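Chain naming follows the written order as A, B, C and D, and within any one chain the residues start at number 1.
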Amino acid sequence: MSEITNNKLLQRLNRIEGQVGGIKKMLENDRYCVDIIHQINAAQAGLEKVKKLILDRHIRGCVTRGIKNGDDSIVEELLEVIERSFK
Amino acid sequence: MSEITNNKLLQRLNRIEGQVGGIKKMLENDRYCVDIIHQINAAQAGLEKVKKLILDRHIRGCVTRGIKNGDDSIVEELLEVIERSFK
Amino acid sequence: MSEITNNKLLQRLNRIEGQVGGIKKMLENDRYCVDIIHQINAAQAGLEKVKKLILDRHIRGCVTRGIKNGDDSIVEELLEVIERSFK
Amino acid sequence: MSEITNNKLLQRLNRIEGQVGGIKKMLENDRYCVDIIHQINAAQAGLEKVKKLILDRHIRGCVTRGIKNGDDSIVEELLEVIERSFK
């Protein structure tokens, strides 16, 4: 099941990689700034989604296991990740 | 200790309330848009900080306890809060 | 018309001020963290909307006039406001 | 000069493309979630910077020219771009 999720994440990342490549072509072809910005928005939304899916997996997995095993450092690390990842 | 933290949070919220009142006065006095926007940024940063402090407390407290007690719904709820709170 | 818009902005700010007051009461009454966070999200969305409305007015008014009058500094200021206001 | 700026933007986008490729490899190699999230944060910060640089160029160029030529639609379009690009 974790395997499938990795595949889905990789599919999303492939699409994002293609979008970044598309942004480069748009720049090289002097496409209209506003169209380029919309394409960047799409890539950013894609990365945000992947980040939340990985954070989701991290919390369900490592964090839950760590807390059950009395590992307080996993909580500190999670709080730091949230602090740094969302502004 | 939780009491002290509540006091600190209330101090921050009092300051934010004052900032929102200040924004109203700036509007009424036809102050320059850019100055008003900077004041809104300050109030927003204040709310973001309070939100992260409360989420921090929630994760250290309720979530950690819930997981130790085998309450899976607390994890689902946390994931939904993160999803809705950070964009 | 600017008068009406100011009134509408003040109505929105009154609602936000009430929400911040509500957050304080929720803290004092030891309400559930997650409910408090949702209330903070609501206040933040309110401030974001007011900020965009004021930026909108600024661009339609001051910025447009400034550019027509050959005032380049208004463009520099706008770029700095966008840089500082959106992260 | 616009040429140089395009080159600099392309350099940034190449780096971002490399970071997205790196995120894929980290996933395939089952690297620690938190490390992957930090790498996603880096790619997101890179895209945000490119977006602001392009918006900057758009405002200094197209928007300023459009306003001077009495083209009101360029202002409406700018407001919509800001609305959609910053949350």
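Here are some notes:
We take it that a contact is a pair of C-beta atoms (placed from the backbone, for glycine too) under 8 Å apart; a residue touches a chain by one contact, two chains touch by 3 or more.
Everything numeric in this text was worked out from a predicted model, so none of it was measured.
Path length between chain B and chain D in the chain contact graph, taken as the least number of steps between touching chains: 2.
Averaging C-alpha coordinates per chain places the centre of chain C 24 Å away from that of chain D.
Rounded to a whole number, the gap between the C-alpha centres of chain B and chain C is 16 angstrom.
Taking the mean of the C-alpha atoms as each chain's centre, chain A and chain C sit 28 Å apart. Residues of chain D in contact with two or more other chains: 48, 55, 85, 87. Viewed as a contact network, the protein chains form a single closed ring in which every chain touches exactly two others.
By the touch rule above, chain D contacts chain A in their complex via residues 6, 9-10, 13-14, 16-17, 20-21, 23-24, 27-28, 33-34, 36-38, 40-41, 43-44, 47-48, 50-51, 54-55, 57-58, 61-62, 77, 81, 84-85. Those residues of chain A lying in contact with chain B across their complex are 48, 52, 55-56, 59-60, 63-64, 67-68, 75, 78-79, 82-83, 85-87.
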